[in-house]
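Here chain A shows up in two complexes: once beside chain B, once beside chain C.
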Partner chain A sequence: MPSVTIDGRKYEFEGRPGLLQFCLDHGIEVPHFCYHPSMSVPANCRQCLVDVGAPVRNRATGELERSDSGEPVIRYFPKLQTSCSHTLADGQVIHTKRTSEKVGRAQQDTLEFLLINHPLDCPICDQAGMCPLQIQAYKYGPEGSRFEFRKTHKPKKVKLGPRVVLDAERCINCTRCTRFTDEISKSHQLTIIERSVRNYPMTPPGVTFDEPYSMNVIDLCPVGALTSADFRFQARIWEMSSTPSITTTNAKGSNCYYWVRDNLVLRITPRENPAVNAYWLPDEDRLAYRRFNEDRPTGPSVRMDGALKETSWEAAYGRAAEILAAAGSGTVFLASARATVEDNYLLMELAHLTGGTVAGYLPHVEPGHGDGWLRTDARVPNGEGCRRLGLQPVDTASLVAQIEAGAVRALYVLEDDPVAACVIDLAALAAVPVILHYYNTTNKTLAAADVALPAATVAETIGTYVNEEGRAQCVRPAKAIRGAHRTLMMRMGLSRADQHGTPFDRWHNESHLINCKPSWEILPAVASAAGHALDFAGPRQIMDHIARALPAFGGANHKAMGPMGFKLPEA
Partner chain B sequence: MATKAGNWQSYQRVLLPPVKDLHKLSIYGDYAALRSVLTHNSPREVTDIVKRSGLKGRGGAGFPTGLKWSFMPPVDPAVPRYLCCNGDESEPGTFKDRQLMEYNPHQMLEGILIANYAISAKACYLYIRGEFADWITLIETELAKAYEANLVGKNIMGLGFSSDIIVHKGAGAYICGEETSLMESLEGKRAYPRIKPPFPAQSGIWGYPTTINNADTLACVPLIIERGADWFASIGAPTHPGPILYGISGHVNRPGVYEYPSGMLITDLLAVAGGMRGGKKLKAVVPGGASVPVLRADMIEGVTMDADSLHKAGSMLGTAGMLFLDEDTDMVAFLRRVARFYHHESCGQCTPCREGTGWIENLVTRIDEGQGNTRDLDLLLELCDQMEGRTVCALADAAAWPVRNTINRFRADFEAKCRQSVWAAQSAAA
Partner chain C sequence: MTDFIKNPVVALPERNPAPHFSEQELVFSAEEKARIARWVSQYPTPDGAVMWVLWLAQEKFGFLPPEVLRLVATELDIPYAQVYGVATFYTQYFKEKKGTYVLDVCTCFSCQLTGGCDILHYLEEKLAIHAGETTADGCFTLQEVECLGACGSAPMLQVSNGPFVYCLTKKKVDALIAALRAGRMPGFTSVTLPQDEDEMGGNRRTDVESTIEYAALPIAVRTR
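So, the complex of A and B:
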């Protein structure tokens, strides 16, 4: 197998790997800015320079030339090479900063150049704390600056589009953003304008940077030049915790981080998963963060004298049990493609125990919304999970007919909004008692609910979602809810140890703790109030049970899903 | 001192011959050299003839033209291949291609067609800098006439070879003269130079095999075909033969483009340009466009205009755009202007060039304005080290060389200015 020597150690390789990626894969740090594994290599930042030598071959015979001691003679390239654009070849000898002063000096020189016109406004920059320029200047940069002139001034706070704001002075012209719009999203909405130090990325005349993936350039930007219109100046990175999870805006299940400070989700960024979303996240997934913080219920409520009145959880469970008992087998349960597999399974079990019927789930399909990439026609995360549980998309015509015929004596809606989905209208529900699990007070079915039970969102619960490709992915809480729950707290504890877990976030603001419960806690409580036993220790045990019971979930458990998901057997 | 240009006083001009209205097709003739190669020679033979002539690129790097042509991969009918003619003449102090386009464009066009035949290209992109608007119009008019006369286009002269010439106007960037950024510009992209390898012969315009030659280089080709490789090789310096268009500017009595054999003594060229203006003494010569190292007057004794001699003297032939500076020249002001140019024209792709050229201009300007310090000179030299050889293309080198060499060769001028600066005055007062 061909091999190279990097800093005196031999490494074998296959194929034709690029030197920089090879180093990164083998734990050798080489500073870089413009290189990104999924895009073309422009070698423009010149930060990843290394010294490369190749064995000398005899021109006539093609044999390796050897020194007296039998070692191959190595001839070094006259110039330092950018490791990103260098392809490995057998026998090459490479020196990084660790073994070459020349390389260290060159990397320091480049950083000095990068910083002379950079505003160095780290104290007020959103990128500070996770900024490759800041980090690498600290590790590889010069001690001071010899630049004694006015820095170049360029436009600041330029709104490139509705979601992305540019500070051109911070830009180091790595062209990651323009390459993203040219090569990945292919919207061609960004280009570099001007020349020399005056240049910066900009939209072409008459173009707004409004493509559905525009916010990816914010993560790609190795400095704070491209910032989110929403998150700009909202929080310091080191005051936030980031919890690995998935987004639930669509059926793709893109992997993400929920960034939380003071128990508010402040932003959502992509998490690398080659099997799902690679490095990217659509804007719609990122902007979903507001619904975890805003329009949240203050507690469970029941309808009294025509109005919803807040009450205790026990009273709400009791009222729900009364409704179920009165309706008996006339209860129709509506499953949810928004809820986890575990919660839907419990709903099915509850229906079974009370003798009711499960009508299916609302698929929330919006034809034409999908783009064959990270957005799907389905606007809900768990349609595939419902299907694998044996549920069908609800037959709306038949359901409406049953309601009108008075055959539905109670409706139990799990984490969904059939009124907003225009499946059932409010007037039709006037005579039907409705039990509703809901996330936000904007839920239109709330107006018909007799028992309204605030449910934990994806950012607050534990559970499994199955994306449209059949990948089961497990989430854990990114933020806390009111009231202590041991299972949630256990998983929450892990959250605190995340990448940016921080002692500065004291979670002191009580008003940011939502009085809601995960449906896997509500459903057994309702069952128990109705005199049935629906006992599981927690979502992990429910999933283990499902995996044993249903072949469509064969082999799935929370541990197997891990951070990257588990591909379920073909259903 | 011996010139390598032989009996240059009786030299007959061949690139810019003294013929009236030569730019007209009717006066230029019917592309006899092209007819000759299409009738008698295979593409391979044409390449060999050019190789034997010793023709070297006139764009600055001086790469052997025939050898460059032979780098093209074997012909694959499924893969298009292109010739590109670089007429984006933008090196400061260089204005030879402009003369060629104004007075003898057909020779360049004929050379393009012969080269197209030699490398089996179906088309040539003729990239001309946009500022040459008048000559672009002229070339487009004359090219249309050549098309009409079936000297370009399909089945040229009925001899079975088809080839097109497409004129492309540049939009005014120095960097577009760099071969790979010229191709990016042609493709409608931002003119950022490409990483080499792959070289244009493997992956050029739109990723297809491409040969790129300077306009002046290609204008030499019909002469080689007509008069023979040996005739061409016998002109001027043996290692860099042929006629050279010397663009002479600066403090001389008769600036202009002078056609002479290669290997002329710099002193002879100064004489043919009428000597120094006002009888002043020569202070410095930039022999090949602004980016090549400047020579002090005492360094040019016996130096001839060919790569070897200039290399020995500590400079380069470049584009043979010669700038003569007289004794009154302020070398700091000269360098300031050069630095300003490279700062303005750096494309901004690579960090060292983008940031370094601006910093250099800042420093030189400060010295020139009497705010400088002698330590600035050392910083300037260090910045040159930080830029040279660390970028995708050679613009950073081209920006660094004049700085390094002007400071090293005229350090006294710079130090004098620093000594008169406000800082020096302050420390003297203290």
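So, the complex of A and C:
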């Protein structure tokens, strides 16, 4: 097998790997800005320079020339090579900064050039703390600058589009953003304009950077030149916790991080998963952060004298149990493609225990919304999970007919909004007692609810979602809810301060805690109030049970799903 | 460039400028389309021909406002943003309306040493405009440019991205301005190379209107 020597150590390789990617794959640090594994290699930041030598061969015989000691003679390239654009060949000898002073010096000089017109406004820059330029200037850069003249002033806070703001002064012209629009999203909305010290990425006149994937350039940008219009100046990186999870805006289940400070989700960024979303996240997924913070309920409530009155959880469970008992087998349960597999399973169990029927789930399909990439026609995350549980999309006409005929004596809605979905008319529900698990006070079914139970959102619960390709993915809580819950706290994402600060520093606080509960806690409590036993220790045990009981979920326990998900057997 | 060092501010181009040309004007003729097709056929991908087509468009429309860049992009079936990037990269593509004649006066090293700045200032006074501006009658735009590669016959200027005028003196400038006002463009002039005089006959070109023999004149003769 061909091999190369990097910093004195021999590595074997197959095929024709690029040197920089090979180094990154083997844990050898090579500083770089413009290189991105999914895009073309322009080699324009000049930061990943290495010294490369190749063994000398006799031109006539093709044999390796050897020194007196029998070692192959190595002839070095006359100049340093950009490792991103260098393809490995057998016998090559490579020196990174660790073994070559020349490389270190070159990288230092490159950084001095990059920083000449960089504003050095790190104290107010959104990227500070996770900025490759900042980190590499610290690790590889010069101690100071020799540039004594006025720095170039370029346009600042330019709104390229509705969601992306440009600070051209910070730009180092790596062209990652323009390559993203040219090669990945193919919207061709950005280009580098002007030349030399005046250049920066820009939309051409009359064009707005409004493609549905525009915010990916914010993550791609190795400096703080492209920032989010929403997240700009909202928080420092180290104040937030980032919890690996998935987005639930559509049926793709793109992997993401939820960034949380003071129990508010401040932004959502992509998490690399080659099997689902690679490195990308559509804007609609990122903008969903608001619904975790805004219009959240303050606690459970029951309808008294025609109005919803806030009450205790126990009282709400009791009222729900009364309704279920009164309705008996006339209860219709509406499952939800927004809720986890575990919660839907518990709902089905509760229906089984009380003798009610499960009508199915609302599929929330919007034909034409999907783009064959990371957006799907289905606007809910768990349609496939419901299907695999044996649920069907609800037969709207039949449900409405049943309600009108008075056959539905109670309606139990799990984390959904049939009124807003125009499935059921508010007036039709006037005579039917409704128990509702809901996320936001904007839920239109709330107007008909007799028992309103605030449910934990994807950012606050543990559970499983199955994306439309049949990949089961486990979510974990990113933010705390009111009331300590051991199962949730064990898996909560931590911030840097949580991990490294002392307990006395009070980095985090108790503000913005929502008084809600995960449905896997509410449903057994309702069952218990109604005199039924629905005993599971937690979502992990529920999923273990489902994985054993249903072949469509074979093997899909939380451990098997891990951070990257678990491909379910074909159902 | 000197102004930029003193005041290094890069302005944001107008994001939504009003169009200069109507839809009816924004078309290439059949003959132009044939030329474009020929250029495109010379390259593996159509974007290779973008500079040719931009040049053609500039000759046709006088300058390259966004709607003309869009026309070029549509004609070549390449992204508009790419055309815009290319057009802004090269200073010879005019993004704003210029005078009928654009005078690019070189003030780079060789020309500066032999009086290029004096020529520029003389032109500024004569035309009553500053470098970078256009005369009120729209006849001349005066620009200060970097090296145009004719150091041997400095100081020099270029007229409208076209012919060079060498070995400038105030008299020569006066004559040039008078000729241009009368609508007479200077012809393309070849300057012989002294080192090739013996072997290659000065490397004279046969396809130009006039040839001048290289002669390094004392600086004083040229500018004062």
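Throughout what follows, the second predicted complex is superposed on the first by the 552 of 571 C-alpha atoms of A that agree within 3 Å, B and C clash if a C-alpha of one lies under 4 Å from a C-alpha of the other, contacts with A are read in each partner's own complex, and residues count from 1 in each chain.
Just so we're on the same page, contacts are C-beta pairs under 8 Å (C-beta built on N, C-alpha and C of every residue); 3 or more make two chains touch, one makes a residue touch a chain.
Model, not experiment: these values are computed from the prediction.
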Message: After the alignment on chain A, I want to confirm one thing: do chain B and chain C clash, or do they fit together?
response: clash
Task: Quick one: classify A:207 as touching chain B (first), chain C (second), both or neither.
output: second
Message: For A:197, using the defined touch cut-off, is the partner it touches chain B, chain C, both, or neither? Pick first, second, both or neither.
response: both
Message: After the superposition on A, what does A:149 contact: first (chain B), second (chain C), both or neither?
response: both
Message: Is A:158 touching anything from chain B or chain C once the two structures are fitted on A? First, second, both or neither.
response: second
Query: Now for A:77: first (chain B), second (chain C), both, or neither, which partner does it touch?
result: neither
Message: Going by the contact rule set out at the top, does A:168 touch chain B (first), chain C (second), both, or neither?
response: second
Message: With both complexes overlaid on chain A, does A:46 touch chain B (first), chain C (second), both or neither?
response: first
Task: Return first, second, both or neither, reflecting whether A:188 touches chain B, chain C, both chains, or no partner chain.
output: second
- line: Clash check vs chain C: of 186-194, 222-230 or 366-374 in chain B, the offending stretch is 186-194
- request: Enumerate the residues of chain A that count as touching chain B in its complex and touching chain C in the other.
  value: 149, 152, 191-192, 194-195, 197-199
Query: Quick one: in the complex, what on chain B touches chain A?
result: 173, 190, 192, 195, 343-359, 362, 366, 379, 386, 389-392
- prompt: In their shared complex, at which residues does chain C touch chain A?
  reply: 5-17, 66, 69-70, 79-85, 88-90
Chain C contact footprint on chain A (complex, rising order): 149-155, 158, 168, 178, 181-182, 188-195, 197-200, 202-207
Field: Sites on chain A touched by chain B in the complex
entry: 41-47, 49, 78-80, 85, 106, 109-110, 112-114, 116-117, 146-147, 149, 152, 172-173, 175, 191-192, 194-199
